[in-house]
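Notes follow once the structure below has been shown.
All chains are identified by letter, namely A, B, C, D and E, in their written order; residue positions are counted from 1 within each chain.
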Amino acid sequence: MAKPEVSKKEKQPNVESLTWGNLTWVNIERPTDQETEYLAQNYHFHPLDLDDCLSRIQRPKIDEYKDYLFLVFHFPVFNKQTRATTASQLSVFIGEKYLITLHKGELKPLVKLFKECQIDEESRQENLSQGSSYLLYRIIDRLVDYCLPILNKIVGNIEEVEDNIFSDSARGAVKEISILRRDIISFRRIIWPIRAVIGSLEPKIRRFTKMDLAVYFGDTVDHVDKIWDALDEYKEIIEGLNDTYDSLAGNRTNDVMRMLTVIAVILLPITVIASIWGMNIPLPFQNSTHSLLFVFLIMAVIIGGMLYFFRRKRLM
Amino acid sequence: MAKPEVSKKEKQPNVESLTWGNLTWVNIERPTDQETEYLAQNYHFHPLDLDDCLSRIQRPKIDEYKDYLFLVFHFPVFNKQTRATTASQLSVFIGEKYLITLHKGELKPLVKLFKECQIDEESRQENLSQGSSYLLYRIIDRLVDYCLPILNKIVGNIEEVEDNIFSDSARGAVKEISILRRDIISFRRIIWPIRAVIGSLEPKIRRFTKMDLAVYFGDTVDHVDKIWDALDEYKEIIEGLNDTYDSLAGNRTNDVMRMLTVIAVILLPITVIASIWGMNIPLPFQNSTHSLLFVFLIMAVIIGGMLYFFRRKRLM
Amino acid sequence: MAKPEVSKKEKQPNVESLTWGNLTWVNIERPTDQETEYLAQNYHFHPLDLDDCLSRIQRPKIDEYKDYLFLVFHFPVFNKQTRATTASQLSVFIGEKYLITLHKGELKPLVKLFKECQIDEESRQENLSQGSSYLLYRIIDRLVDYCLPILNKIVGNIEEVEDNIFSDSARGAVKEISILRRDIISFRRIIWPIRAVIGSLEPKIRRFTKMDLAVYFGDTVDHVDKIWDALDEYKEIIEGLNDTYDSLAGNRTNDVMRMLTVIAVILLPITVIASIWGMNIPLPFQNSTHSLLFVFLIMAVIIGGMLYFFRRKRLM
Amino acid sequence: MAKPEVSKKEKQPNVESLTWGNLTWVNIERPTDQETEYLAQNYHFHPLDLDDCLSRIQRPKIDEYKDYLFLVFHFPVFNKQTRATTASQLSVFIGEKYLITLHKGELKPLVKLFKECQIDEESRQENLSQGSSYLLYRIIDRLVDYCLPILNKIVGNIEEVEDNIFSDSARGAVKEISILRRDIISFRRIIWPIRAVIGSLEPKIRRFTKMDLAVYFGDTVDHVDKIWDALDEYKEIIEGLNDTYDSLAGNRTNDVMRMLTVIAVILLPITVIASIWGMNIPLPFQNSTHSLLFVFLIMAVIIGGMLYFFRRKRLM
Amino acid sequence: MAKPEVSKKEKQPNVESLTWGNLTWVNIERPTDQETEYLAQNYHFHPLDLDDCLSRIQRPKIDEYKDYLFLVFHFPVFNKQTRATTASQLSVFIGEKYLITLHKGELKPLVKLFKECQIDEESRQENLSQGSSYLLYRIIDRLVDYCLPILNKIVGNIEEVEDNIFSDSARGAVKEISILRRDIISFRRIIWPIRAVIGSLEPKIRRFTKMDLAVYFGDTVDHVDKIWDALDEYKEIIEGLNDTYDSLAGNRTNDVMRMLTVIAVILLPITVIASIWGMNIPLPFQNSTHSLLFVFLIMAVIIGGMLYFFRRKRLM
């Protein structure tokens, strides 16, 4: 009898579960065909839903069935190396007596919460004793709050760029602005559909709990809205900074041009006069002992005249 | 009696059909007047609908009649040569016992599905045994999923452009950005009206089937929404990349200007001093043996002074 | 008795009418006070409506009264000389037994349709035999379809601009883009309010006909929506082309700058060295027979060094 | 008894009134505390409303009370000197038997209408005989129509700018565009809230009249919408013109750059060759009688070569 | 018995309260855990609300409970040093007999109002005698009106920037525009969610008062809308000014370029001719006494020719 069990274990390596009272929390990291087959055998889920757990092109949504709800969430995960925010999928089956979470293990707050409940009985009680809906609230709340440090990181980067732009080290700011902008765009696209899903979640999972969760979910919706507002603001700010950068770069080009012109105005007349007295033809003052002085005087007069002319025309 | 039959065949060259149980799938590639006349003779369709199958200025829509529905879809087809995404029309007549599809043969997944059903009986059963509505779902689902490789191609191109922009080969990126931008704009315009049509389709074709297709069509709508979201994001990203390109090009112009200025600052003073000692008038140190050294010293002092001045004014 | 009749004719020179069965189509080109007075005497129209027929600041609208409807449409007319699309007003009074159209004679399809019905009895029957509502549908349908060649003209111009931008003749493209952009903006402003009017027209004129016109008007609304979608797309494309033009112009300026720099880097060192040996002071190699060779060698070394330096700094 | 009356007059210098039948029109120009106190003593208005008549931060609105309505309108007034459109407030109290208008005297059509009614009895009858609602309609209609000459002025300015941009006098166009843009923005902000107020006005003042004013107010709403549409279009056009101006300015900079380059390509080689033969070392052809010819030939060859090279590289 | 009281005082240092009739106003500045614990002990508030008072990521909102309402507002506070507008939170618990306000002490009008009521009995009566709802109105009204001087400051800054842009001191305008833009963006983000909260507040707090507050709150909503409209307008204006600045900067660069070109056109030919006559080869007019005159003539002809050529080509 031992062997079949072993083979069974081989088939479902990533299915972990916790139980408190009536409620079981099944957590599946990095789901594959094996895990969805396991679910298909043990629960009566719609085959399309099981496909969706593995698919890469899902959108956050709520699918209602008689006995259970199938939820898909996307939460932002910040990749430090590529400096990009990408969406990580969390699929949830919620019934009265079970909550099944499927994800790729990138959502750290969820992984941590599950571990806490595994190790610490008090934590298990706190999260699981109020029914599956409350457990779901606890998970979502943690994941939403996890967005805040990412937001703060963005604010920090924006402020750094702002300081750089007006300093001398403005150069690198273009790349920084470009990366930040793309990151904010991606982040917004992830948050946008979650708002609708979390906003309409509470009435649908009310039946799985005796507790009144409206205030709790209302609070979470407020947080998501706050994140959305902040991202909107950041998007406008970063676009404004891009415009400012361009204006300042235009100024800098203008400065260089003016410098060139100043050099030209001062040095060219000298060359011109010197060339004239360099000609191999009879020239005035040529044999005077003060000839150099005369020539320098002429140069000074021409330079002075040009400077005066351009200043007056406000060209310099 | 043979001749009339031949002439009849000449009249309807592109009408192919499949039957399973009650359901007949009529597929017409590249419809012309001949084919619509054939339909007019065999079915009681509204003349405006038959016109619409041939017209070029349709918009995706659902026209409801007592016995049948007339649907027009536009799906994106990517033309590799022109690198442009264009819309290809699919006209559908759906009744309880028939599904008639008219298209130009550009929609490969549809052509392939029809062929599969022709050749493979199992496939025919799988697609046709659940009534005309389910068959329609199968066709639309395939066509929607066919958009994903086009999307992935766009993402790939965007990432390539992004890499190019910050490298030295930024030059060609303008054209690349322009083409991508136009392609994304066209793609969005094609997807936009399909969303509404597919979203409102299920309740209208419910009567042609015993199966509950709500979950299936809900899934397809999610996919279309996902495509729309992605295109929206790509549009914002490509606009951001265009701005970044311009900022970087501004930087590059500025670099060239600075280089010119550096050259001017170093070489012009030498020329000036050399011109002065080239004058045919009595000059200081003229007859000294170290005159060249004196002159070089004067040049070095002037260049040094200018460099110091411009550095201090942060103009260089 | 003759004189009064003549004077009466003098008063209403531009009122033409057609009759078939119960229905009379009154067509008034270039209406003035005379024509509206004629209408005021023969029909019981609201004075504000008659004013609106002559006013220049109308907006497309439907005014409902017990016996009749007063409609104002604006259709785009393309002026080849100014290359601008302007709105031309069509005012319509529709009752059960009459349809009165007032316009400036610029709407060619309407003028043509009226002439057809005057000359050709078959055409008269086809258009007038189904009641005033159907006649109205025929007129609107022709006028909407008349927008398509204007659209195609715009597409053609956009493609031409696109080709020009990437070719050497990019210069003139700015003016072309500016004119196209303004034209598209005007066109959109004309189409925008028509959509709402045509979309809500059918239920209001249903009472004047026995025919079911819902499908017909639905088709026309689809065409107007298609035109709107197309204009929206063209607007986005032309804005994208403007950005592309600017990016390419920036590139071109950069190219010219680089050329200037290359010239400076090659020619200035030669001048500098030549000036030095042009000084009237004792110089090295001055009396050697290979002095020119030595000097050229020094020039070549300096130019080479500068080219190497700038290439390495990726400034050239 | 005379004195108190005089003092009373001193207290209410700007209250003028007209009466026809039951209806009294009270017109107050430049209201101050004195005038609102007068109203407070004679009518039972809400103190907040009286405050609003004097306040500067109102928004167009309708406040309904049992006996009367309090309306705030803002109409655009064009200041020729500053070339800016600003909002001028009109506060209205309307009851069954009175209409009280408070404004700063800047709304010329209103001032003129009141004067007409004072002087001309026929005009008084025409405007006041149909109840307070009709009088209100007459006032608003005049004020709305008064926007049209301002609009026409803007169109004229836009067309002037358009002509300037493509001519040689493009310089001043920036300032012109900037002023026009700001003016259009301000104008839109004034019209925007009036639309809602006028649109919802008719049902609320129906009770003060026996006449059916729906058609009249519908007409006014159409005019306001027309103005809004026009301003929207102008905003888009002026933004497009700004882009066009920038593209053309880029072209012009490019032209100047090219000219500089052409000068450099022609003159620098001459200087270079001349400098070489100016060196104080043994030079070829130095003693030939045709030496100048030889040197000019070398110059011509170098210039020709450079021109050929740059033309071929399409840099010039 | 003294000691416990002291320790109690230590626990609640920042809780101040006012009473008039039934109503108590509790004001808590800079709330910490101590203060929320104090509230938890004395009132039956939901623990989530008490958390929200201390949290930094709230959004303006209304949470309704049976006995009380919990409100969160954010009002703009302008920091003179950083020149940035930031949001300052005001948390309010409102019941029939109490109003509890928690804030960081940055909202000066609120601090001032509380002090007035502490010191001046008349003021206390005026604000507190009408129930908690009216007191809340008084607080919000003051805080909303406090936005107006900030708005006026922004308008002043915009006008200053506008004047600067067209003057010679345009340089610093970029930074000014950038700071103003960011400030307006932040301000808008703060006002946006308050609109919804204040707009829906009145019906929810009606039960705590006998007075009809609808007109009062309607007035406050109008003020908030006015602020919103103004900020929207300022945002458009500042974006327009940024565009204008860029166009003008482009003009200025062009001017400098032209000046350089003028210098080049005048000075280079002189140098060229002088260099030619500086060659150590036989030259024409070399021994003539008027040789210098001849040479100057040649220079003048060349300069004149170039000026004529470029003027004709409209390049200068």
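Please note the rule applied: contacts are C-beta pairs under 8 Å (C-beta built on N, C-alpha and C of every residue); 3 or more make two chains touch, one makes a residue touch a chain.
All of these numbers come straight from a predicted model, not from anything done at the bench.
Colleague: Can we say the copies subunit D and subunit E touch using the same residue numbers, with more than half in common, or are the two sides different?
Modeller: different
Colleague: Using mean CA coordinates as chain centres, what's the subunit A-subunit E distance in Å?
Modeller: Centres of subunit A and subunit E (C-alpha means) sit 25 Å apart.
Colleague: Pull out every residue in subunit E that's touching 2 or more other chains.
Modeller: Expected reply: 246, 250, 253, 257, 260, 264, 271, 275, 278-280, 283.
Colleague: Between the chains shown, work out who touches whom and classify the graph as line, ring, star, complete or other.
Modeller: Its topology is that of a ring.
Colleague: How do the chains line up around the ring if the path leaves subunit A toward subunit B?
Modeller: A, B, C, D, E
Colleague: Would you pull the subunit C residues touching subunit B in the complex into a rising list?
Modeller: 148, 165-166, 215-216, 218-219, 222-223, 225-226, 229, 232-233, 236-237, 240-241, 243-244, 246-248, 250-251, 253-254, 257-258, 260-261, 264-265, 268-269, 271-272, 275-276, 278-284, 306, 310, 314-316
Colleague: Once bound in the complex, which stretches of subunit C touch subunit D?
Modeller: Going through subunit C, the ones touching subunit D are 46, 48, 52, 57-59, 61, 63, 168, 171, 174-175, 177-178, 181-182, 185-186, 189, 192-193, 242, 245-246, 249-250, 252-253, 255-257, 259-260, 263-264, 267, 270-271, 274-275, 277-280, 283, 285-289, 291-292, 295.
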